[in-house]
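Same chain, two partners: subunit A is paired with subunit B first, then with subunit C.
Showing the complex of A and B:
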C-alpha cells in the first residue's frame, strides 16, 4: 500500500517536472524511488492488510507480484535512457505515464473487489494506449496506438459485461462474498456466461489465442521500451489478476469453465509457436514468443492451487528478466543499425561478445534450457499441472517447448555466424549494460538456486 | 421506483441489454469508420449500465448503481483518449478510415 501511494505521488511529481525541461535527468529521481518502492513494498510482506473498506487486500500474493512489477519497471527505466537519449521532445510525460500504468498494474494484482479490478485495468491500459502512439510523427506508431485502443476498449467492455452478469448471479462485487454465493446461485447460466466473458476480456490484455491478433501489430509499431513494458508488466499483471480472481472466487465451481480454458491453452500454444517460426521481425517474434509464454502461464490458471501460484510467480520472474535482457540487446543493436529485422544479430559474437553472451542467456532461458530460470519456471508449472491431473496438457506443452526451441536457437545461430550483417560498431552503454547484467545474473542465479523464490506466496 | 422497474420481469432486461451489447459488438467488428466504432463501444458500455441498474434494483443492492458511475467515468476517459489518438492520426494520414491503416499487417 505504501508503494501504491509513493508511486502515484512520483507519477504526479514527474509530470510536474516537465516544466523545468530536465529531460532524462528525471531518471535520477525515478529509479531510486522505484527501488525504495520495492523495499517498502516487500516490508509489508506477511501483514495481510486490507485498505479502502476491503477494496484492496495486500496479502503475500499481492506483495510478491507487485514487487516483481516494480522491479520490472525499474529495469525498463534503465532501458529508457538509451531509447530517449536523443529525443528533442519532452520525455517527462512518457515517464509519468509509464509510472501511472504501473500503479494500475499494482491495483490489478491486489484487488479484493471487482470495481478495483476494472479501475486497475483501465488505469493500466489508458496510459498504454497513449504510450503506444508516443512516437507522434511515425505512422506505424499511430496505427499501433489506434489498434490497441480500439481492441482494448472493446475488451474492457466485454470484461465489464462479464462482471455485471457475475454481479447479477451472486449479488456482490466482493471476492469472498462471490465465493460464498456461487454455489447457491439462482442463475447458473448467467454466472457461466459472465465467467467466460470475464476470462475472455482478461486474456485480451495477456494476449492469449482468440484475442492475440493485436499483439504482433502493436508490439511492432510501439516504441521499443513500451513494447518491453507491454510484454512484461502488462502480461504479468493480467495473469496475476485473473489468477487471483479465479482462485478466490471460482475454485469450487471449476467445472463451469475449465474445459474451455483447456482448449484456449492448447490453441494458444500451437498457434503462437507455429506462427513464430516464420517471423523475420524481432518485435513480432517477441510478440509470438510472448503469446506462447501466455499459454504456459495459462496452465497455472487451470491448476489453481497454492502450488500453481508459486509456479506462476517463478515463471513470471524468469520470463520478465529474460525478456528485458532480450529487448535491451535489441535496443542497442537497433540504435547501431537502425533496423528491426532479426538479421541485425548476425555476427554479434564477433562485434560484441558481451551482448552475444547476454543474448544466449536470455534466449536459452526463454526456450527453457537447463540450468537457467526459464527451465525451472516450466518445470514447476508442469509438475503442479501433473499433480492437478492435466497430463495431456503438459504433454502438449512439452511438444511446444521443443517447437519453441527452434526459433530461439535460430536467432542464436545468427548471432554466432561468421558473416557480419552491418559494419557499424556496437557501443556499450553503462546503464543499459547494468540492466542486462542484473537481469542475466538474476536468470543464472534462479537457474542454479530455484528454491530461492519457492514458498513466497 | 423499484416497483416500476420490477413490473417488468428481470429476464426482459437481460435480453434487452444482451441485444444492445451484441449490436455494439457487431458495430465494432463490421464498421470501418473509427468514430462509429467508438460509438459502438459506448453502446456496449451503456447496455452494461442498463443491466447493472436492473440487477441492482431487483436485488436491493446499491453497489450495482454505484458501479454505473464508475463505468460512465471509464467511458468518458476512453472517448477522450480515443479522440486524441484519432486527431493525431488524422494529422498524419488525413483520414479516419481504418482501411487506410494497413502498414502493420493485421
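Showing the complex of A and C:
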C-alpha cells in the first residue's frame, strides 16, 4: 500500500517537474524512488492488510506481483534514457504517464472489489493509449494509439458488461461475497455469460486469441520502451488480475468456464506461434511471442490453485526479465542502424559479443531452454497443469514450444552469422548495459536455483 | 577456516579464469606467474589446514549448501577433510606446484603458453574437488573435470592429427568408465538413499549384509569406473597414447595425480568395498594382471615416455592389487611414493627430450651423463622404482607384496616377478639413455645442454622426496613408527598381517639380491656389450610383446569398427533419410501454414473489432452447448 501511495505522488511530482525542463535528469529521482518502492512493498509481505473498506487487499499474491511490476518498470526506465536521450521535446510527461500506468497495474493485482479492478484497468489503460501515440510525428505511432484506444474501449465495455451481469447474479462486487454467493445455491444463467464476458475483456489486455489483433500493430507502432512496457507490465498485470479474480471468486465452479478457456488457450498457442514464424519485424515478432506466452500463462488460469499461482509468478518473472533484455538489445541495435527488421542483428556476435551473449540468454530463456529461467517457468506451469488433469493441453503446449524455438533460434542464428548487416558500430551504454546485465543474471540465477521464487505466494 | 578451505580449490580456478580470459594479452612472465602462484598458495593453505586440523581427532565436514533436494534424498555440497584427503591434497598441490614450475621452463617457447597454464590450473581445481568432496557426486564433478582437462592437455598441440586422436581416445575410453561410476552412484541413491562417504561407510559397517548382491553391484560399477581413470585392464589402452601431451602433463596428470583417482575413491569407500569380498577379489585379479601385462609390454618399448607410461600402468596395478588384498593403506602409501618417483622420472625424461630437441626414441640417445642433474635425479628415480633399499619404492612395494602374500601365495609370486621385471625395464631405459655412446645426430650433440634451473629445481626436490618418502611407512619388522598407518588408521581398516618376520626379511633380502643381479646383467648387456633393441622383432613372443599384444588392434576391430559402422549406417538411414526428411517436411508445412495465417492480420481496425465480436459470440455459443 505504501508503494501505491508513493508511486502516485511520484507520478504527480514528475509531471510537475516538467516545468523545469529537466528532461532525462528526472530519472535520477524516478529510479531510486522505484527501487525504494520495491523494498517498501516487499516489506509488507505477510501483513495481509486490507484498505479502503476492503477495496484492496495486499496479500502475498498482491505483494509478490506488485513487486515484480515495480521492478519491471524500473528496468524499463533504465531503457528510457537510451530511447529519449536525444529527444528535443519534454519527456517528463511520458515518464509520469508510465508511472500512472504502473499505479493502475498495481491496483489490478491487489483489488478485492470489482470496482477497484475496473478502476485499475482504466488507470493503466488510459495513459497507455496516450503513450502508444507519444511519438507524435510518426504516423505508425498515431495509428497504434488510435487502434489501441478504439479496441481498448471496446474491451473495457465488454468487461464492465460482464461485471454487471456478475453483480446481477450475485448481488455484490466484493470478491469473497461473490464466492459465498456462487457456492451453494444454483445460479442463474447470466452468471456464466458474465464470467465469460469478463474473461474475454480481460484477455484483451493480455493479448489472447481472438482479442489479440491489436497487439502486432500497436507493438510495432509504439515507441520501443512503451512496447516493452506493454509486453511485460501490462501482460503480467492482466494475468495476475484475472487469476486473482477467478481464484478467489470462482475456484469452486470452474466447470462453468474451463472448457471454453481450454479452447482459447489452444487457439492462442497455435495462432501466435504459427504467425510468428515468418515475421521479419522485431517488434511484431515480439508481439506474437508475447501472445504465445499469454497462451502458456493461460494454462495457469485453467489449473487455478496455489501451485498454479506460484508457477504463474515464476513464469511472469522469467518472461519479463528475458523480454526486457531482448528489447534493451533491440533498442541499441535500432539506434545504431535506424531500422526495425530482424536483419539488424546480423553479425552482432562479431560487432558486440556482450550484447550477443545477452541476446542468447534472453531468447533461449524465452524459448524455454534449460538451464535458464524460461525453462523452469514452463516446467512449473506444465507440472501444475498435469497435476490438475490438463495433460492434453500440456502436450499441445509442448508442441508449440518446439514451434516457438524456431523463430527464437532464427534471431540467434542471425546474430551469429558471418555477414554483417550494417557496418555502423554498436556502442554500449552504461545504464542500458546495467539493465541487460541485471536481467540476464537474474535469468541465469533463476535457471540454476529455480527454488528461490517457490512458495512466495 | 571454513572459507580458507574453500579458497584451496578456488585459487587455481581463479588462476584458470584469469589466464583463459586475458592470458593471451599478458606477458609470459605474468601469465605463468599467475598459474604457478595460484597452486603454490593453495599448497600453503593445504599445509596450514592440515597442521591446524591434525590435533582434532575426527573428520571435519564443511557443508556449504544444500545442493539437490528431493523427497527421496538430499545431496549437500560439502567438503570432507581428514588425513586421507589432506594427503591427496598435498600431493596434488605440492607435486602440482613443482610441475607448474617445471612447465615454466619446459613450455617457454610454446605459443599456447598461457593456455597451458590455464588448463593446468583448471586440472588442479577439478582434482582438488575430486578428493575434497564429501560425497560421490562432488567427486564425480571432479572426476569428469579432470577427464576434460586430460583431454584438453593431451590434445594440447591440436594441430597434430595423431595427438588429437590420442586425446579423443582418452576421453572416450574414460567416458566408458564414467558410465560405470554414474551407475554406481545411481544404485547407491536407489538402495541406500545417500551418497555421502561417511554415511555409506557407516552403513557398510552396520546394516549392509556382507556380500549382498546390491553392494557387490555398486562396488563393481564403481571399480569399473576406476579401471578407466586409473588405466587398468580392460580400459588401460588410452594411457600410453596419452603421452602425446606435453611431458609435464604426463608427469602431473598421467602419473602422479589423476590416474590415482580410482585408488583414492576406493580407499575412501573402503568400508563399502570390504562389505563386498567378491569385488575385492576382482580388484586383486585385475590389478595383478594389469601389473604383469603392462610390465611385460614395457620391456620392449623404445619410446622413453611409452616405457614410463606402461610402467605407470603396471605400478597402478600394484596399488589395485593392494586394495584387492584389503591393504588400503599400503595402496595409498605406494600411491604417494609413486607420485614422487614417477613424477621425477617423467620430468627427467622431459628434461632429456628437451636436451635432445624433441627426440624420444632411446635407441637414438645414450651417453647423456653430461646432463648432470637430470642424470643423477633420473638414477635416483630408477633406483626408487626398482625397489633398492632404502629408497621409497622399496618400502611401499615390499608392503604390498607382504600384504598380498597373506591373501594368496600365487598372486604374491606374480607380483614379485613383476617387481623384478620393473627393475629390468627401468634399468634398460636408464642404461640406454645415459650410458654408452651418444647415438644421436650431430646437431643434437651440439645442442645438448642441461635444462634451466626452473626445470632442474623440481627434479632435485622430487629426487629428495623419492629418497626419503619411504620412511613414512617403515615396516613393522624394523620397529619404527609407521607414519602412514597412524595417519590413516582411523579412516581405513588396516588388516592384521599373519606373516612371520623371518618371511619378511627373506622377501626383502631375496628381492634386493635379484634386483642387484638384474642391474648387473642389464649393464653387461646394454653397456658393456653395447647391444641395442633391434628395429624388427623376431619370434612369436617378441613380436607380440613389442606390438603390445595387439590389444589396441583387437579393440579397434572388435569395438571401434562395429560401432563406427553402425553409427554410419544410422546416420545414413535413420538420420539423413528418416529423421531429417520428417523434420524438414514438418518444418516446411509449419512455415507454410504460418504464411497463410499471417494474412489474417490486415491492419484494418474494423475487421479486428469484427473478429473480436465474432469470437465473443462463438464463445457464448460454445457455452450454450457446454451446459
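Things to note:
In this text, the second predicted complex is superposed on the first by the 452 of 457 C-alpha atoms of A that agree within 3 Å, B and C clash if a C-alpha of one lies under 4 Å from a C-alpha of the other, contacts with A are read in each partner's own complex, and residues count from 1 in each chain.
By our rule, a contact is a pair of C-beta atoms (placed from the backbone, for glycine too) under 8 Å apart; a residue touches a chain by one contact, two chains touch by 3 or more.
Since the model is a prediction, treat every value here as computed from it, not as a measurement.
Of the two partner chains placed around the shared chain by superposition, subunit C is the only one that A:200 touches, whereas subunit B remains out of contact. Contacts of A:260 after superposition: subunit C is touched, whereas subunit B is not reached. By the touch criterion stated above, A:274 is placed in contact with subunit C alone, subunit B being left untouched. In the superposed model, A:177 makes contact with neither subunit B nor subunit C.
When both complexes are overlaid on chain A, the residue A:221 reaches subunit B alone and has no touch with subunit C. In the superposition on chain A, A:147 contacts both subunit B and subunit C. Of the two partner chains placed by the overlay, subunit B and subunit C both lie in contact with A:213. By the document's definition of touching, neither partner reaches A:339: not subunit B, not subunit C.
By the document's definition of touching, neither partner reaches A:93: not subunit B, not subunit C.
On subunit A, the patch touched by subunit B and the patch touched by subunit C overlap at residues 146-147, 150, 154, 158, 213, 216-217.
Those residues of subunit C whose C-beta lies close enough to touch subunit A in the complex are 69, 587, 590-591, 593-595, 597-598, 600-601, 603, 605, 607-609, 611-612, 614-616, 618-620, 622-623, 626-627. Of all the residues in subunit B, the ones that touch subunit A in their complex are 14, 21, 24-25, 28, 34, 37-38, 41, 44-45, 47-48, 51-52, 55, 59, 61, 63-64, 66-67, 70-71, 74, 77-78, 81-82, 84-86, 88-89, 92-93, 98, 101, 103-106. Partner subunit C is touched in their complex by these residues of subunit A: 146-147, 150-151, 154-155, 158, 192-193, 196-197, 200, 204, 209-211, 213-214, 216-217, 257, 259-260, 263-264, 271, 274-279, 403, 406, 451.
Across the interface of their complex, subunit B is touched by residues 115, 118-119, 122, 126, 129-130, 133, 136-137, 139-140, 142-147, 149-150, 153-154, 156-158, 160-161, 164-165, 167-168, 171-173, 190, 213, 216-217, 220-221 of subunit A.
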